[in-house]
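Here the chain labels run A, B and C in written order, and each chain numbers its own residues starting at 1.
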Amino acid sequence: MDDFENENTMIGRGREAVEQIVDPGSFKENVINDYNFEADCAPGSVVGTAVLDGKPVTIIASDAEAFNDRFPVVFGGVIGLEEGYKMATAVYKTIEADKDKPLAEKRAIILIVDTPGNGPGKLEEIAGMNKATGSYQLALAEARKTGHPIVACVIGRAISGAFLCHGLQADHIVALSQEFGTMIHVMPLTSISRITKLNIEILEELAKENPVFAAGVGFFYKLGGVQEIIEKIEDMRSVIIKHVNEVARLKAEGKGELLGPWGRGILGNERGGRVDRVKVMDKMKEEFAAVAGKYIGA
Amino acid sequence: MKKWSELKDSSFFDASARERAVGLVDKGTFTEFLHPLDRYCSPHLVVLGQAVEFDDGMVCGVGLLGRHPAFIISMEGRFIGGAIGEVNGAKMVGAIRLALTAAKEIKAKYPGEYEAKRPLVVISFETGGVRLHESNAGLLAHAEVMDAFQDCRHIVPVVSVVGSKVGCFGGMGFVAAAADVIVMNEQGRIGLTGPEVIEQEMGKEEFDASNKALVYRTTGAKHKYIIQDCNYLVEDTIGDFHKVLGEIAGKSMEEIEKMRRIGSIDLVREQQELVKLVGDMQPKDSMDVWKHFGNENPAALPELSTAEFLKTVKRRARS
Amino acid sequence: MALQVLEFNFKSAATQSIPKEWSHTGVTGSGDLEVLLEKKDLGGGVKAKVVTPVKGFDAVWEKMIQKFVTDTGVGNLSIEINDDNATPIVVYMRLRQALAEATAKEAE
């Protein structure tokens, strides 16, 4: 990358992003409360504790410069088997650290998102990569429901399954604007065109109106997948702090349903990007209510 | 469509999503939600000029397993590979949440009988994950399903049933793994990355996607059973699946919890041991792992019938 | 790019519809189709709606459905089809199958 690009993108710079976001010099890698991680395991993941706006937070990020020698498909920010389980452990250790604390003191978890995918290899399938990513997601869902505010900040690549794994279980998701090369998608339009055999020009034209398939931060915003778009790199810190506080407030008010994947569904409906989802679920509810007695009273 | 009594002895592998949905619960008890007459097609496919289906490739509803209301989600692989978009994704989430609603109502109305009437969620997977024609909505739906799974923990058992042509891949590969219990027939496959993508990433010498036996050894039910990712390996009839689901419905939540493979720090530690083993061993093939777990002649295992396999196989010891 | 929606009306001497209110058969798989039949008071007639990604086969669809109506003598019936590139033979076969299922006795 040349200097111009370096200034305009955060892709591959997860560690730098951590330093820019947390209170200066506060990040301690591989430590969560009294638990110490083995430093040489899961090199593609970065976990630890920092101070954000005076309060302890758990940080989970990817290291795009690391190579995992034992699992060679893991590099460039890929979340592999070891990485997924290390990230999950970081979440469980966070829950454990604050388990006796009141809701207001449950520390936040900050996910710095820049990952192109999950480990796509043979070893991964033999051991079950699906479990590593699934495990991390369940841990995040548990932490969220336990009361920890979780904010994900997409600084670079948030691609498909890796975004599901590292990001989409957060309470709120914020993202640097498209201008910084931020990528949120399942597949680029060119690949969608190739696989679905749909004409790329027509797809591009339709994408202007319909956010459900095209790549981009703005489309995810419309679908409720992104809460807020960050316009300047130096604003990352303040926006994340704002969202941590807002999430904590909603949790204190017992409004957890407005957060996480379900809350993003509500937002997607409000923003007009995903309006069928609600209709489907309402209709099902109605249909079940009509027969519920027969099943519940069985 | 076949009658329930005919479905009982029919192949699960060959069955349509609706046949599976009807046949997995007790005779005559299935009520479908958003059935074809509701005509809830994907509006996004219409815009793209793609063929639609009245149920959007997913059959959801409720039936009974004994006294247990069973919320069924059954995917149709013949419709766009069973892939998940906005409508069928919402159906999936909606069905899981209805199971939680039912649990709440049963607890309120029959407080002493919850265990005996406890609902469950049964998902018959046949999918490659996200539907690319509406990929963003499909992706977001996956996250909602995982979220709903966590809501079900310790309240409503979630059972993955995998044994259809397409298998269960992509994002749905980890959704299946995140359930409490996994039931498969020999033909069932679960994975994250499909064989073609692995070949593309690693080269044909490392992984030949056209080698069907290799693909089965890597993601197939026998491998999953050996490494303890599959709790029940059953014969390929809808009746066999139905019978096992009936057993599962009656188990205590404590027994159900023990069948999980992920979902707690202890389970993470257990899986990390498996990852360490695979990292140290660098297996060329799943058979190396089978041998490690005590199967002296691993090459013979794929050839065995399900019954013979179950009699002789050695599995990973759970810690 | 949008899907083709074709609508046809057929006259039929018969008023014999299906015994059930509605019946559904098949999957919109590649080269296949699903059929939704509904009992409707159409003064004996049959109406059909076909949704398909394929352009330019309106006459073929009309002919196949007409043949089905003539051969089976159904009336007072609404037919809805979601198609994904099925051949005329498959269309005819699925329609016959759909009718057989719609008229099958509920043995259980």
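Everything that follows uses one rule, which is that contacts are C-beta pairs under 8 Å (C-beta built on N, C-alpha and C of every residue); 3 or more make two chains touch, one makes a residue touch a chain.
Because the structure is a prediction, the values reported are computed rather than measured.
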item	value
Most centrally placed chain, judged by C-alpha centres	B
Chain located farthest away, centre of subunit C as origin (C-alpha)	A
Separation of subunit A from subunit B, taking each centre as the mean of its C-alpha atoms, in whole Å	24
Chain centre separation (subunit A, subunit C; CA means) in Å	47
Centre distance in Å when subunit B and subunit C are each reduced to the mean of their C-alpha atoms	34
Subunit B: positions in contact with at least two other chains	47-50
Touching two or more other chains - residues of subunit C	1
Residues of subunit A whose C-beta touches two or more other chains	206
Residue numbers on subunit A that touch subunit B, as the complex places them	70-71, 73, 81-82, 85, 88-89, 92-93, 96, 118-135, 137-139, 141-142, 145, 160-161, 163-165, 168-169, 185-187, 192, 195-196, 198, 203, 206, 210-214, 219-220, 223-225, 260-262, 264-265, 268, 274, 276-278, 280-281, 283-285, 287-288, 291-292, 294-298
Residue numbers on subunit B that touch subunit C, as the complex places them	1, 3-5, 16-17, 27-28, 35-37, 39, 41, 45-54, 76, 78-79
Contacting residues of subunit C [partner subunit B, same complex]	1-3, 22, 24-25, 27-30, 32, 34, 36, 38, 51-53, 80, 82-85, 101, 107-108
Subunit B residues within the subunit A interface of the complex	31, 33-34, 38, 40, 42-44, 47-50, 60, 62, 64, 67-69, 85-87, 89-91, 93-95, 97-98, 101-102, 105-106, 109-110, 117, 129-130, 132-144, 146-147, 149-151, 153, 170-171, 173-178, 190-193, 197-198, 201-202, 206-207, 218-219, 223, 227, 229, 261-265, 267-268, 271-272, 274-275, 277-279, 282-283, 286, 289
